[in-house]
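Shared chain: chain A. Partners: chain B in the first complex, chain C in the second.
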Partner chain A sequence: MPQTKQGPASTGSTALGSLWKAYSEQTPERLKFIDAFLFFLMLSGVIQFAYCVLVTTYPYNAFLSGFASTVGQFVLAASLRSQVNPQNKEEFKEVSPERAFADFALGSIVLHFFVYNFLG
Partner chain B sequence: MPSLAYPVPTDLSPATVKNTASLFRIITLALISGAAIASRLFSIINFESVIHEFDPWFNYRATRVLASKGFYEFWNWFDPTAWYPLGRVVGGTVYPGLMATSGVIYYILQALNLPVDIRNICVLLAPGFSALTAWATYMFTKEMKNESAGLLAAAFIGIVPGYISRSVAGSYDNEAIAIFLLMFTFYLWIKALKQGSALYGTAAAVFYFYMVAAWGGYVFITNMIPVHALVLILMGRFSHRLYVAYCSWYAIGTLASMQVPFVGFQPVSTSEHMGALGVFGLLQIVAFADLVRSHVSSQNFQKILRFGLVAIGGLGASAFVALTYSGKIAPWTGRFYSLWDTGYAKKYIPIIASVSEHQPTAWPSFFMDLQMLVFLFPAGVILCFRELRDEHLFVIVYSVMASYFAGVMVRLMLTLTPVVCVSSAIALSTLLETYINPVEPDAERDSSAPTEPQQTANGSSAQPSAATPSKKGKKAATAPAASSSAFSELVAASSGKKSYFSSPRGIFGMDTRVMVVLNTLWMLSFFVFHCTYVTSSAYSSPSVVLASQSQDGSQHIIDDFREAYYWIRQNTPEDAVVMSWWDYGYQIAGMADRPTLVDNNTWNNTHIATVGKAMSSSEENAYPILRKHDVDYVLVIFGGLIGYSGDDINKFLWMVRIAQGVWPDEIQESNYFTPRGEYRVDDAASKTMKDSLMYKMSYYRFADLFGGGQAMDRVRNQQAPKNIELDYLDEAFTSENWIVRLYQVRKEDILGRDLKSANAFEKGKKRKRSKPLSRRRAIV
Partner chain C sequence: MIFSPVAVLLLAASAVQASVLTLQSPKFVVTDALGSQLRAEPFSLVHRTGTPVKLEAKDTLKITFQVVDKEDGKGVQPHQTFIRFFDPSTGEEGIQPIRVTGGGKAKFELNPSKPPLYLPPTSTEPLKVSLIIGTPNYDPITVRLFDLILPASQPAPTHPDEASFHVRPELHHTFRPDQKLPPKAVSLFFAGLTFAPWVVLIGLWSQVTPRLTHLFSPSILPFILSLVAFESLLLTYWVKLRLGEVLLYGAGLGLVTIFTGRQALSSISSLRKD
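What follows is the complex of A and B.
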């Protein structure tokens, strides 16, 4: 695990700022790419949820499958992120980054099979 | 080179050893499968290839629809004959996994030009899947310890009566495939957790989906895995592998489970599934906190943690509480709630308490179902504690939860059995490994300071542990199976064979080894005898035919049920509605092929209470109910002649209770007892009891059998009543041993009279203002 470079910050806002700085400095490009995808999925999920809460839940299975699609894709991508993270190499001895990606692809296919089936 | 207790060949190449070992494994697994299948065939060989019990008859009927009409017809099947006049949407009220499985097997065999009857597939499905269960248990235990423990566990679960009781040939019930799916899902979960692989997580989710489609007990998995994950988090064992395994399982598995129509939106709306969702949310928070921590200093992290994460966690938890109270999340259903509050069902839902499987378990049944495994089981759990890898926590959590549930409900013995087999196999294989291991303890080195434990020659995977001596003593006490000295030896020996203490410990010489190993072998062989005996004597009788032994040992078969059902099938119109208590609903629909009012799928309590009311009220009151429901025949089971104790008079009080729950002013349980509070059927019986339809139908003409002598009811051991008259019903059929009695409901009198007075008129009884006999004849 790489050492953090920030000294102790005094206020909460600087804590967040140092977090952002440390993140952008230390994270490899690939992980940032995955993070962008994660952020997009989160936005999509939030919009769907807001629509469900504010407008209607009527085709409830459609809402659930759409929302589960974003949530499931989010956690699968987050799993991929932690599997390919060089920091976690020790933990995932049996899962190489290539295999992690194949697992991710398979998991997504299975997930979306169920999503389309449930969309009704 | 350590000294050896007995010579072992040294000139074998590792490849030879490995190949021989895997050959042995394959042969052993094949033999275990053979034993698992063969020991379930007693009922077919002794009787015939029929479906047993009650529920399997519905499964069989549904499978026949699936096999003859195809999957889509089955999926959209509306059954108008069940729950007459309501009907039942079968596709949406059934777990279709069992039928789909046997349907697929049926079509595959058809495609291979092996035209096997669907009934034989249904009958033999459970033995076939028990072989798969043995294999899945092998895989599971292999992850816990090693292959030898896996083989022992497979052998145990292959023949253990606790599992055989629900999976003999002919027992075509959901549990037949569910235990295999349970073990295989758990195996995949452990594998996913160990490797941190989304592939295994996805596979676990797919098998979880299969399990959801197969059995209502999937809720056990839905709560076991989250509890395991939660325990891991609370013990500070959070890892990214846990995150990957759990999230891939939950995200796919939950969506998949919602595809089963019977489950529907339950995974997002009921309390049983909220634990899994809560742990899912918690894992996101913990994983995010972990990510943040890797980027900032600990001081900053403290701040962020305090302000951000605690707030999110608190918000999520309070959202759950608020949603539960506002009713958005359904509370526990009665069936699950009665597991926690064990008095709940008896008080509020008599229909749950009335099922004999839902009673608490007595100790003898633990011993009968598990024999020696029941006392090896705690030893295995403690061995898991000593090594405590992530997957061992699973066995520990599973044991605790399943032991509790099996203690509350007889039926849940089934979910306990797999973990008992796994845990006992771990204990027993540790014992055997220790005592078969030829390495003698090294006396000289023991005098030196505590050394690092070293792996022994044959690679016993037992890890050293930091257990204190007092703990070891306690453990020896908990394991009365092995002789207690042997077990403390085992404890010392499993700690890497080199003692932690000044005195040399370990196993010296051949005699100890031979004694312990022979003793273990004796216990194992006795276990086999016990299992075979229990299986053949207790669990292999189809409830459709009753067998009795006569004096000379020859078997006498009482086949009244099928006699009566086939009489109905052949001698009544096809749309004749048969009313019976709900226990026989599936069998009537399956064998007699007639519409029934209620059946074993007890989804409509009021409808059952209506039947209960009709059975427990007097003829005059029951008759309108029967007519309003178009009932043509009423079927009662009566065991008074041959001493069949499971008859309707013994179930009668449950009918009364269930009816009382809906119509408290019309039916009161206390009216059916004598003034002294006894439940009697002889002359001392209460008036309400004597008037009730069930009583009259059971004992109608019974006294005539005894030719004027004393009529004895052999179940109640009381004198049966004489001179019972039925005004609204006609006896249509009574089976050979009087077990099944069928009554036809009379139509309304053509002259518009009350049926009672019409009957009295027929019998020639004098009405109050009736004319003398002679004058009436003169008119004609």
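What follows is the complex of A and C.
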């Protein structure tokens, strides 16, 4: 049950703690799998962008392709996750999870092709 | 043709009839701005005046003479009477026709403050002044009289477009300096940092690995293999293939993937529905 935000007390009594607890208990394994991938992609994108801001943009095309690969892959994986989630079944009546995965695979391959083209 | 017989006869005829002109009381006078005479001399046709005539800016040179026939002293008005100013260093000349009266009297005036247009621009040498007289039945006269030193003329005005007719100064373009890579240590550090998320990913995935029970069944494995083949094709493209080749291989591989994928996913969906 979500509680109002108090000072940091025992684990699970803060809002964030209870959110995390609900997430880890209620989310199916597969979705957690995809979530881990999403988190990894976000980290990777943030680090690349930080390098670009801090150090140099010198091979600009390389930065663009790397960053675009993380962003694009994130979008594809997020859409896969939302389409595969059993709780969203009412939203996606005409898209079966297999179809979603096929779309994900095709989109990923096309994205990788363009990223390799631009990478140089 | 000079040596044709008719020309020789004509020359002989003219030589018999030709008379000689001469000048009577020829003189030149240089007066300054106030009117006092600076130099007044006669000049002659047979003997050139030794010292050059020097004119300052406000002075006036006046030349007077009378053209007469040498034998009987009668005034003659020649058809052509010129004074020529010649600059030997530049080769420029200026010619002024002189008005001669019916009795042969001639007068010429030169004032540097109002220079006539035919005077060439001054150089380091004085102008050579000569008298040229020509008229039928008389021998022509071309005689150097004296040298003339004029005040220095101003340099010729430059045309506004003059500069464009000479070679322009060479252009030196400055380009932005080449971009440099950051130092190796920084690059290596950030490269390692960029690969750090993979560690995070592997750690997370080790905790939430879903069950891959059906991965190696014969209906699904070809699909997985064709996906792996696609990725390796793209990697090879990055390394050594060319666009046409990768598109060709990709088209073939895509065809294979369609069939394997259809088979794999339909088997999965049938399993799910069970």
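Quick note on the criterion: the second predicted complex is superposed on the first by the 107 of 120 C-alpha atoms of A that agree within 3 Å, B and C clash if a C-alpha of one lies under 4 Å from a C-alpha of the other, contacts with A are read in each partner's own complex, and residues count from 1 in each chain.
Please note the rule applied: contacts are C-beta pairs under 8 Å (C-beta built on N, C-alpha and C of every residue); 3 or more make two chains touch, one makes a residue touch a chain.
Source: prediction; values computed, not measured.
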Is the arrangement of chain B and chain C around the shared chain A a clash or a fit after superposition? fit
Partner chain in contact with A:Tyr58 - chain B first, chain C second, else both or neither: second
With the two structures laid over each other on chain A, which partner does A:Gly107 touch: chain B (first), chain C (second), both, or neither? first
On the A-aligned overlay, A:Leu119 touches which partner chain: chain B = first, chain C = second, or both, or neither? second
Between chain B (first) and chain C (second), which does A:Glu98 come into contact with in this model arrangement: first, second, both, or neither? second
Which partner does A:Tyr23 contact after superposing on A: first (chain B), second (chain C), both, neither? first
Does chain A have more residues touched by chain B or by chain C? B
Once you lay one complex on the other using chain A, what is the shortest C-alpha distance from chain B to chain C, in Å? 9
The shared contact residues of chain A with chain B and chain C are 99, 102, 117
Of all residues in chain A, which touch chain B in the complex? 1-2, 4, 6-9, 12, 15-16, 18-19, 22-23, 26, 60-61, 64-65, 68, 71-72, 75-76, 78-80, 82-83, 85, 87-88, 91-92, 94-95, 99-100, 102-104, 106-107, 110-111, 114-115, 117-118
With touch defined as at the start, can you tell me which chain A residues reach chain C in the complex? 29-30, 32-33, 36-37, 39-41, 43-44, 47-48, 51, 55-56, 58, 96-99, 101-102, 105, 109, 112-113, 116-117, 119
Contact set on chain B toward chain A in their complex: 195-199, 201-202, 205-206, 239-241, 243-244, 247-248, 250-252, 254-256, 258-259, 265, 268, 284, 287, 292, 294-297, 299-300, 303-304, 307
Interfacial residue positions of chain C with respect to chain A in the complex: 179-182, 186, 190, 193-194, 196-198, 200-201, 204-205, 208-211, 227, 230-231, 234-235, 237-238, 243, 246, 250, 261, 265-266, 268-269, 272
